[in-house]
Every structure is written in structure tokens, then in C-alpha cells.
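Here subunit A shows up in two complexes: once beside subunit B, once beside subunit C.
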Partner chain A sequence: MRGANAALGAAGLAAFLALGEAVPRLGLVKEAYFPPTSRIADALGQEVTDHAFWTALGDTLTGWALGLAIAVGAGVVVGLLVSVVPHLREATASTIEFLRPIPSVALIPLAVLLYGTELRSVLLLVVYASFWQVLVQVLYGVQDVDPVAEETARSYGLGPWARVRHVLWPTALPYVMTGVRLAAAVALILAVTAELVIGAPGLGARIAVAETSQAVPDMYALVVVTGLLGLLINVGARTVERRALAWHQSVRGEVMV
Partner chain B sequence: MHASLVVSGLNKVYEGSGRRVEAVRDLTFTVEAGELVCLVGPSGCGKTTLLKCMGGLLTPTAGEVRLNDRPVSGPPPGMAFVFQEYGRSLFPWMRVRENVELPLKQKPLSKARRRELVMDALESVGLTDAAGAYPWQLSGGMQQRVAIARALAYEPAVLLMDEPFAAVDAQTRADLEDLVRGLWRERGITILFVTHDIDEAVYLGERVLILSASPTVVQEQLKVDLPDERDQLHTRVAPRFAELRTHVYEQIQAAKRGGTDAGPPEKTLT
Partner chain C sequence: MAGKDFGAITVKKGSPIKSAKELEGKKVAVNTLKNINETAVRESVRKAGGDPSKVKFVELAFDQMPAALDSGQIDAAMVVEPALATVKGQGATEIASSLVDVAKDLTVAMYFTSTQYEQKNPDVVKKFQEATAESLAYADAHPDEVRQAVTTYTKIPAATLAQVTLPKWPAKANRASIEALEKLGEQDGLFKSTPDLDKLLP
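Let's look at the complex of A and B:
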């Protein structure tokens, strides 16, 4: 079943690539704006031999990783504090609901004003977008604590800190992992957007340069690279999730007794 | 190691969203040090509420619980709780060994001593081989034995058990009952065992406390004058066992009928 699915997936991808080759060649779309697959592949091959490409990739990944790390750290700490301190959740709920839907890209002018084209501009946007993903999941996760587990911990004399560590945190962890996975995807989108729009160094800026210099196949090649990055990030996040949550129902599946 | 529990004038009223529920009206009784007392009562009579008040998990509206002459205001050290919902009471993210060890980490014990207590407790319940497994890899009966081992390792003077075997099958249940009686005789722990099963109460207990329907009072206290050596095969068919269980059954039926009365039902003596 698994093998058959993989084969089908590969066949679908091959058909898609073939279509991308055929449609421009048949003149259905303008080749100048829509180069065939083979030319994009050529451009990609040239990109990977260029030192500047790897620098740009490194810049993008730096912005992504730093921003994600800050957002996850802050999201977890703020989420736990808001849940644990009495009344804080009620007091902050409306503010969170107001701030959360603000699209991060709306903050681009602010980022430019504050930091210009520095890495900090990218970080501001990445952190703002990813922070909410983590925070909201932590808030949900903390609510999921089983009252019986909590009472068990209390009856054995576990103090507040021990209960956060041994009951609340493991309960919230599956939610946190979901939050991190979502945040990782969003962080990449925002990192590339910031580079593209603000011109901070990275893959996004390189795409913009390719576009203005009419290097259309190169532009597509770079777009493909960002897509591959997104794919890798998602696969990576899922692997981490499975490892960390081996005990969880969603991962362990059916167990024989 | 020995400890006595005194419950006096205990009353618990739940208030919320305009509804006022008197779960427990007025309970007074004593559990002597080293005694195994079973609490039975009709369903919904506030057995769990009572146990949680005794364990310091709930604050009573009036009255008090004293453990060794000290009022209980929070979960007291030296008291362990075994819940009915073993699946939710054990932590799925910890292995059996870690589950049993966790409460010990709150005590000033060396690592070696902790490990010793954990292995000793697991051996007592016959689960030495399962130490490295996760709770959800075990059957229901085994999971409840892990919960019992966790309580034993804590070296409690008092063990509170809230319908611990209500969710396991009949054969496992018989084994677990014998396990609890064996541990009680071996370790001299004071045990308060809440159940809705009349046979179980009579089979296990030295004394059976019969509660009335809600609002709850003590309907009757009954001494179980069965021999100390009990086994599933002979004790349950002994004429005295049948008499006692019939008596408890009648009392509970009476408690259900009397449950609508405003006042506490009269005390009957055997």
C-alpha cells in the first residue's frame, strides 16, 4: 500500500514536470515568462555552483532559524506564564485576539523604519508571525491537562513547579510540537517575503535581482529552492515530533496488550 | 507507620451557576490505625467527594478531617491515593519505573534508596518485568497494579482507594482484591477502600461503613467478623459472608428509600 502510494506520487510529479516542459514548448504560454522544466533545471544547476547562491541560502536559513527559535522560546514562556498566573489569561485574551490576526507583512514599513535592510528587519517579521502560532497552541495544550493526572500529582505532594514540569509540560508538548511545525512553515514564508520586499540579503533578495535582470529561468530555479526548503522543514519538524511524542496516542498507534 | 483518621461533622456543598448541591451532609467516623475499612453506599452518594476531602484535595464546607490528630488542610505527607481511572492517573509519557518513582522525588531520599523502593514496590505487585514498559502497553489490571505500586513505594501510613477495581474484569478484580488484603496484612497500612460493590466491601474489610443516599450521612457501621485468612473460594461461600452481604444490601436499599427524607435515617444495629 505504502509502496503503491509512493509510486503514484512519483508518477504524478513526473507528469507535472513533463507538463511544465510541454506547455511552453507547444507555445501555449510565452516561453519568455514560463520557461520549460529543462531550462529551469539548467538554471538550478548553475545556481548551485555559484558561491553567492549558498551565501543567500545561508542568510535565509539564519533568519528563519533565529526567528523561529526566538518565537518558540517566547511563545512557550509567555504561554505558560499566561496559563499559570491566575486571571492573566482572561486579562490578555482580548489583546491576543486583536494582535494575532495582524498580518506580519503589514509591519514591513515599521521594520524598514527601525532596522533598514538588516537581519533584524527579517527577524521582526518572522518572530511576529511565528510567535502567535506557538502561543496559541501552548494556551490550548495547557487547558488539556487531565484533572485526574493533576489530582494524582497533588495527592503525592508535587509542588507547583513539579506539576508544571511533570504534568503540564508533557500534556502541552503535543500542542507545542504542532505550534512549532506551523511556526516553522510560517517563518520561512516571512523570511523570504522580507528579503523579497525589503531587500535584506537572502534567497528572496536573489529572486528579486533575478526578476529585475530578466533572468527568468534563474528566478524559477530559486522559487523551486524555496519550495524544497519548505518541504524539508516540514519533514524535519514531523520527524522531531514523532521522536519526542513516541508515547502519545497520535504516534504510538494501536498497541497490543 | 500507624495512623488514625478521624472525620468529624464533614459537610461539603458545591455551589456554582445558581445551583447548590449538598454532596455530603454530616459525616462522622473514625478509621483506627492499621485498620482496613470499606466504604459502600448507593451510587452518587458522595463517596468520591468524601475521599477527596480526606485526601486534602477538596476543602470541606464544614467539619474537619484529622490525620494523627493533625487537621488535614492539603494533601498530607504519608497519605497515598489510588484512583479509579488508572489510565488517566498514570502518566503516559513516563515508563512504569518513572511513574512509580516520581512521588519519591519529592522526598529527601537518595537515588539508590528511591530505586530500591521502586523495585520493591513493583515486586510486591508482581510487575518487576514491566518496569521499562509504558503504562499504555499494559492491560487494565496491570495498570492498576502499577498505580498500587506507586502508592506502596511512597510508604504511606494511610492509603485511600477510590473504587480502584471498578473498571477491571471480574477475574482480575479477584486477584487485585487478594493483593490489597495481602499488602495490608504484610505492611500494616491503614486503608480506606471505597467501593460500590457490596461483596467486595465485605470480602475485603475489617469494618464496613454504609453511607446513605445523598445528602450523605453514615447509615451504619458494621464489623466484619470473618476470619483474617480469607480466600476467594471459601470466604465467599461461607454462611456468615452471605449474612453480612445480605445485611449490607438491605441497608443500602433502605438508604436509597430513605434518601428523599430531609433528616438522617435512623441508625440500625445488628
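Let's look at the complex of A and C:
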């Protein structure tokens, strides 16, 4: 089953790449603006031999990782605090619902004014976008705590900290992990967007340089790299999720009673 | 007069438009509305005997102009290098060198600092002026080295770069040309109050 799926996946990808080669070659779209797969692959081959490319990749990953770490840390702490302190959830709900839908890219002018074109600008956008993903999942997760389990823990004399540790956290963890996985993807999108628009160093800025330089295949090659990065990040996030939730029904795959 | 400048109004290969006058009623792309390029295109139209208020300006990034011109989304593009080389490579025709139409040897860009910074760091400003003057003179005298230097911080393909028309790098601002530009800006209603060149220029 697994082998068949992998084979199908590979065949699908191969067909997609072949299509990318054929469409411009047949003249359905202009080669000048949509180069065939082979020319993009050539440009990619050139890119990876360039030291500046690896520096840019490092810059993007730094912005992504730092931003994600800050967002996850802050999201979990704030989420737990808001859920545990009485009345805080109700008091903050409207503010959270107001702030959450503000698109991070709308903050670009603010980021540029505050920090110019450096890493901190990227971080502002990345953290703002991914923080809400984590926070909202934590809030939902805490809401999901089984009242019977909570009462049982109280009856057994577990203190507030022990209840957070043994009842609340295990219940919320699958939600938190979903939040982290979503945040990881969003963080990459925002890191690249920030670099592309603001010009902070990284893959996004390199895409912009290729674009203004009329280097079309190079631009597509860099876009492919960001796609691959997204793929790796998603696979990585899923692996972390599976490890952290090895004990959970959703991962154990047992029949639920 | 068209050609041999680093920026130009271009039309697609085979376009019926032969002069800037014929841009009346046509869609012309500039990189930013109400900037030096729009002012320059207006002057080209005016000089060719046309009415610039009849031109429809649209805003488009330079690097997107080749594709837009090629697909017919716009009728003409005020494009600069290196996109100009790409456009010419597609067989497009230059119908006017608009920046030259504003003034011969037009100063298109300068370094600015705030009065506050200049008063606090007169040494830095003086050294910067000397260093840029020296580098600009060197660039003007060594165009081949300029083409080489361009490859270190852009990704312009070698074939395109070879076709690129380099600008001039004067170390001093051409005050007469800026005055001409100022007059046009005033005429086009770009300023709330006319800038004081005595305060702005060194």
C-alpha cells in the first residue's frame, strides 16, 4: 500500500514536471516569462553553487525559526494564562478577535518605520502572523478539558500547577501541535514575504533581485526553493507532532471506544 | 530624438504608434504615477505637439513592463535599464528618450541627508561627498568595470547586460536640468509649494 502510494506520488510529480517542460516548449505560454522545467533546473543548479544563495537561505531560516520560537512560546504562555485566570478569557475575547484577522502584511509599513530593513522587521511580521495560530489553538485545547477528569483531579487533591501539568496540558497538547504546524507554515510565508517586499536579506530579497534583473529562470528557481522549504518544514512539523503525541489516540491509530 | 539613453518610451514591435504625439488616448506605463518618469513622458508628448492630459497613465514596476507591453496590456512603456534591454530584445521600438526631452544631461538621482545629520556629522558628510565624487568619476571613465561590478549585486543575465545602455555618473548636480524639471513639475501641478533648490542642492 505504502509503496504503491509512493510510486503514484512520484509519477504525479514527474507528470507535473513534464507538463512544466511541455507547456512553454509548445508555445502555450511564452518561454520568456515561464521557462520550461529544464531551464529552471539549470538555474537552480547555478544557484546552489553560489555562496550568496546559502547565506540567503540561512537568513530566511533564521527569521523563520526565531519568529516561530517566539510565537510558540508567547502563544502557549498567553493562551494558558488567559484560560486559567478567571474572567480573563471573556475580557480578552473581543480584543483577540479584533487583532487576529489583521493581515500581517498590513503591518509592513509599521515594521519598516520601526526597524527598517533588518531581521527585526521580518520577526515582527512572522511573530504577529504565527502567534494567533498558536494562541487560538491553545484556547480551544484548554476548553476541551474533560470536566470529569478535572473534577477527579481536584478530588484527589491535585494543586493548580499539578492540574495544569497532568490534566490541562495533555488535553491541550494535540491542539497546540496543530497550532505549531500551522504556525510553521505561516511563518515561512511571512518570512519570505517580508524579505520580498521590505528587502530584508534572505531568499525573498534574492527573488526580488532576480525579478528586477530580468533573470526569469533564476527567479523561478528561487521560488522552487521556497516551495521545497515549505515541504520540508511541513514534513518536519508532522514528525515532531507524531513524536510528541505518540501516546495520543489520533497517532496510535487504535479504534476509539 | 530617441535612442542612446538608459530610459525611453517604447512601443511593441509593429505598433502603429510612431511618435510621442500619438500617445494621446493610449495607455502608457510608468513605474510610479506623478514621478519623474510621468513628468518626462508628458514633456515628450508636449514637445511632439500632443496634449499630455489625454494620455492614460498606469503604474507598473519596470520589470513587469516587458510582459505587459508584449501582451498588449499597455500601448507604451516608459522603461529604464535593464528592462529596456529586454524590451528592445523583443523587437520593441523607442519612440522618445523622455529624460533627455526634459533637459540634456538631466540629473535623475542624488544623495540626500537631513540638515540635522549634516550639522552633527559634517566630517562624515564631507568624506561621503568626496568618496562618491571619486567613485562616480571612476565609473564614468571605466564602463567595462561597471558592467563587471553590476554582476556582483544583481542577477542581470550576461546577454542582457551586454545590451544595457549605461547612464552617466556626473559628480555634480546639473542645476539647470533640475530647474527645467521643477518647472515641468509645477506646470503639471505636482507640488503644493515649489521646492527651494537653494536649500536642497549643495
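Just so we're on the same page, the second predicted complex is superposed on the first by the 254 of 257 C-alpha atoms of A that agree within 3 Å, B and C clash if a C-alpha of one lies under 4 Å from a C-alpha of the other, contacts with A are read in each partner's own complex, and residues count from 1 in each chain.
Note that a residue touches a chain if its C-beta (ideal position, glycine included) is under 8 Å from a C-beta of that chain, and two chains touch if they have at least 3 such contacts.
All of these numbers come straight from a predicted model, not from anything done at the bench.
Visitor: Check whether A:30 is in contact with subunit B, with subunit C, with both or with neither, and answer first, second, both or neither.
Guide: In the superposition, A:30 touches subunit C alone.
Visitor: Does the superposition put A:154 against subunit B (first), subunit C (second), both, or neither?
Guide: The answer is first: A:154 touches subunit B but not subunit C.
Visitor: Applying the touch criterion given at the start, work out whether A:214 contacts subunit B, subunit C, both or neither, answering first, second, both or neither.
Guide: Touch status of A:214: second partner only.
Visitor: After superposition on the shared chain, which partner residues are touched by A:51: those of subunit B (first), subunit C (second), both, or neither?
Guide: Neither: A:51 stays clear of subunit B and subunit C.
Visitor: In the superposed arrangement, does subunit B or subunit C reach more residues of subunit A?
Guide: Of subunit B and subunit C, B contacts more residues of subunit A.
Visitor: Is A:87 touching anything from subunit B or subunit C once the two structures are fitted on A? First, second, both or neither.
Guide: Touch partners of A:87: none, neither subunit B nor subunit C.
Visitor: Quick one: in the complex, what on subunit B touches subunit A?
Guide: So the residues of subunit B in touch with subunit A come to 52, 55-57, 75, 77, 79-81, 83, 85, 88-89, 91-93, 102-103, 105-106, 134, 136-139, 150, 154.
Visitor: Help me check something: in the complex, which residues belonging to subunit A touch subunit C?
Guide: Against subunit C, the touching part of subunit A is residues 30, 32-33, 209-215, 218.
Visitor: For subunit A, which residues count as touching subunit B in their complex?
Guide: Within the complex, subunit A contacts subunit B at residues 146, 148-149, 151-152, 154-159, 162, 166-167, 170, 173, 247-249, 252, 255, 257.
Visitor: Once bound in the complex, which stretches of subunit C touch subunit A?
Guide: Against subunit A, the touching part of subunit C is residues 61-63, 66-67, 70, 82-83, 85-86, 90, 153-157, 160.
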